[in-house]
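Note that chain A is present in both complexes that follow, paired respectively with chain B and with chain C.
Showing the complex of A and B:
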């Protein structure tokens, strides 16, 4: 897929030469940025108030969770320390003010700053997500190509495999992979261990359902492209079948797949909650799960903000990638 | 498969078996403990937020801190209090002061000497609101202060006599830490608490593991330990593996050596595996039981309480859903509490008797669904279930009881809830049935669970007397039992209290609070502490 992202130099030259283009790009970027800030504010506010609406005293969450038999003195001390004795509006404004300068506060449950918790767990989750995405694209592409070029039997089998893969829930797949590759065959460790061996099963668990979705979309697009007029024209020019497929149709098939990457990122993060727990991997998903369970408000908001930011970053990048792969989008923008 | 092919295959198979059994025979069979090695312990309990069990005070903290912290006293398997960091203790005639003679050869792993001042500093730390202790704080309720009589004699001054003081002090949540280390900021002490135990916390990789290394200067095992001197293991890797299925897979693959929080189906699956052994160590304190809220209708009527209990077929549900991994209990107390009294006859499954009791209590009509009705009101009871505290098999058990009590005409509304909402419902007295575990060392747990004082909510809304028993005579018995130190008289009083509770049909006992461990069979010498059934790896060695 990396190949389909290469830029046409002539296009770039044209873009650089036009002042109107530049201001349009700037406006697009500013709008995007404004959107990002708005979404972050909305996410932070909704999460803040949603977590406060749930019954239960946040001071209890600080003192070892609900049902803790904490004394009145201890509760009062915790409330004062975290500013929970202030009116809700004051707490909200103080919270927003801190957020604006990048201070996410400190986790109730972990007694660490939220920034450092996220700093520790973001890396492992990103590694997992990127590897899973790469594996998913590889599997999807292989399936799509094989099922469109391998004849009728391959087409039927390919599409069945894709549907099954897309429908498999993460927790079931994870346990099945552990049973087969770890318990029965003994090839791979059942829980995360340092090194590559510990990554294989978690990555496969996330990649397979995603590959099912991507594969279906790619196969449709490939079949579509192979029958479209531009392929007919190329065929008429004397282009061979192989060249047609790899040079023209594949690029066409990449467009919907790239569009799905933003969505895929979201699905990978939600899948990470399950996968990181089952394989006992360090990561953002596992932090989020335990934070929600212990009503650790600052950590929940912190993780949700980071995920929202990541999601917007990825959708912006896929928008850009779309423009590069599909010149029609740029031309349309110019005409507008 | 043809006959000609079968024979070579059989030969191959049998030679493989011979080879394998040869290997098994050659495996090390040491009877003398082997020194060295790292044991990987995988816990399914939550990752503690603080490794110092003074802060908060829950079971996940207790199991790990047993490896590096020690208490003043412990208990043996017969339930007797035995020496640990304290060698002797005497109580004044008025019961208001206790003198503990401390070991004089013990040093904390940061080099601070273990003295009476250290004990005083620990009690002060537990009682300081800034520490936010809940379990330890409650246990020290009657302790006013601790003073040093001399360097190695600590005097506990009490506000009123407390016969449960030794039981309380034996708990891991009241372990003694280095007073110098306690001076550090709480975040620091949470990451590296300093004690006198056989291991030392050397690292904590969050969401992954805590590393514990052997304390080479260790001298203070409890009186019932299997050996003297330092621990056999070089180190322990304490891993957090939250998922039950992958935890068991990791044990089978040998990635880990010991797992806890083992579910009934896993125990059964492991029975056929020679490479895996099982330790069943029920927790002390209360048995797991269903409490009937006697403060609101319909369970304010003892006849309706008895009818519910008679129509609940617990025995069949326990054996079918827990596969014989737990024994039925007929007591308010755990089977490991010597003061426990069992009354099996009170809990016989008897639908006819249940029907008769309900008729007598005026629930004579039945509606179209078969539920009993009285004065136009259906016999309906709410049963909020905490999905954090009840394992899936237990939730299924409640569902079976729901269907057997339906035969008698009860409509049981099971409501699965998260922990916060569950406590919310209890705090609002919006429940008729509830099941809540309670771990504490000794029969004084009865006072916490059934004294009328425990119906008054704590500041957080928490209260422990879910059956809402408010009986002045029972209160008097429990108060008296908590004050006297004569062991025989104390046992009699606790027996009397339990009889009142069981005869009043306030609770439906199910089984002990379950606590199962699975370990690879080359892990030797692992035992659980007779106090709160936490595992101790001091005597443990690896036969490999």
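Showing the complex of A and C:
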């Protein structure tokens, strides 16, 4: 009985530390969430007001552009239906209010709700992006490891390969891959078909340029890490070169690469616009392009917001991952 | 001290020199007329007479690619200049202005980052319509936030340096400090950034042209040639392959040069 009431001071201190750490994480999380909400609001507002700058009558755009010669009544009806006859401030507030409950309006061109269009296309694009990111990391890591451990020749060849890969435009790579693997060899379909075979070329197209960028950063970080004091210390402790490389240096190479994932997400989405168009694959990128071409304002806003949300989620998660990989970041925050 | 150039850097410099020659005096490398049509020899595959083949109107693709160099490089250069110019203004405002301005510009950059990749460019094109000028500005705008973040940190590095403190103590005004101390000290980093960025700008601008949102045919510009060749990809690959190859060459060569400059700056 008595024993359970006495508290071990060291235990108390540990519990306090635990709570301190928890509240620090909580504060970090709340700050990040606040940042996400702020950026989303700003993106929504920028998009809303930017698209008001489009010359011409939005009601006309809804009814099929200037060539449609819509009657005055039809225009008035469209204006009333989409709330375009209200003052701008009212329109903005209504728009924000609808966004808050997840209503993105309906597409002018597809006569379908934007949410359902995005719901249909988001999945295929995410599959493409995640597979491409994984492939890119695999290629980049292989290149980086091979070129840092393979001597001078490998280093020069590796860095050239990375720079050339990073300089290749998606559309050109896609055309070249189709030329080799579909037209000449006939191994893979030139357009996206359901199943694995239809995914190989689109994924490769997106992965190779990204791998070029990631590889450059990873190799630099690997070289830096191999020369850093902690690797020297580990070497002095008698760890083998292999252990040094895989256990210590590689972890450090992961830090800048993880930091780049947010950027990589953006590059994958831009790439998806091109790749989905070339391979005739359903997805967010292709919907965005057709929305841009037909000036389908609600759909453009919807896709932009979804991409911005995805970007914010990815960067928040990578910040979190950064803190888990690199404890120094937490300690630095503690001192500040 | 400038390091001795390796074989790769020599190749990059030679490629850039050739591209510059093609841009400034295309007639030297390809004496023909890039717009001369010859319907009888349309869609010819690469041969001795037409090393890169011919397009749908029988125009020689080699001649068109060479004559398109100037416009294509100009678009890349202009987009990079727009991006870096904007970013410099942002970076100076953030690094030199009052605290609230730094806070404000940093938030603006953060918001712009949430339009990743070509997203901002596409939004810009929705508003202002497709075309060479809009797509160039669009690419410049979408690269600006990335540059701005780097330039801001450079400006802050200079601002907190002892020599700038000395200049402040000596009573130099803000403009004089920016012109005499900050700009020369960030110029090196800016130059490297620009060299690394040109390749990316060329690739992005040509991607927009390929999607039909940038330069339009029959201009002898690489992106426009790609856009025209898009219809014939399946049967006449050379129409898109060769202009694309030149985009890869110019982007890779400028990036290689940028990397090597970066290493020199770091080493010195």
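Everything below uses one rule, namely that the second predicted complex is superposed on the first by the 318 of 336 C-alpha atoms of A that agree within 3 Å, B and C clash if a C-alpha of one lies under 4 Å from a C-alpha of the other, contacts with A are read in each partner's own complex, and residues count from 1 in each chain.
Methods note: contacts are C-beta pairs under 8 Å (C-beta built on N, C-alpha and C of every residue); 3 or more make two chains touch, one makes a residue touch a chain.
Just so it is clear, the model here is predicted, and its values are computed rather than measured.
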item: Superposition on chain A - do chain B and chain C clash or fit; value: clash
item: Contacts of A:175 with chain B and chain C, given as first, second, both or neither; value: both
item: Partner chain in contact with A:295 - chain B first, chain C second, else both or neither; value: both
item: Partner chain in contact with A:72 - chain B first, chain C second, else both or neither; value: first
item: Partner chain in contact with A:111 - chain B first, chain C second, else both or neither; value: first
item: Chain B versus chain C as contact partner of A:183, first or second or both or neither; value: both
item: Partner chain(s) touched by A:283 [first = chain B, second = chain C, both, neither]; value: first
item: Which of chain B and chain C A:120 touches, first, second, both or neither; value: first
item: Touched partner set for A:261, first chain B, second chain C, both or neither; value: neither
item: Partner chain in contact with A:210 - chain B first, chain C second, else both or neither; value: neither
item: Identified clashing stretch of chain B versus chain C [242-250, 278-286, 296-304 or 476-484]; value: 242-250
item: Footprint overlap on chain A, where chain B in one structure and chain C in the other make contact; value: 54, 175, 178-179, 183, 190, 277, 293, 295
item: In the complex with chain B, residue positions of chain A that touch it; value: 54-57, 59-60, 62-78, 109-112, 117, 120-121, 174-175, 178-179, 182-183, 186, 189-191, 193, 276-283, 286-287, 290, 293-295
item: Chain B residues within the chain A interface of the complex; value: 42, 46-47, 49-50, 55-58, 129-135, 137-138, 186-187, 190, 205-208, 239-243, 245-247, 249-250, 252-253, 255-256, 388, 418-424, 458-462
item: Residue numbers on chain C that touch chain A, as the complex places them; value: 6, 8, 107, 110-111, 113-119, 122-127, 199, 203-204, 206-207, 210-213, 226, 233-234, 237, 240-241, 244-245, 247-248, 251-252, 255-256, 259
item: Complex interface listing, chain A residues touching chain C; value: 35, 38-40, 42-43, 46-47, 50-51, 53-54, 156, 159-160, 163-164, 166-172, 175-176, 178-179, 183, 190, 216, 262-263, 265-267, 269-271, 273-274, 277, 288-289, 291-293, 295, 297, 300, 304, 307-308, 311-312
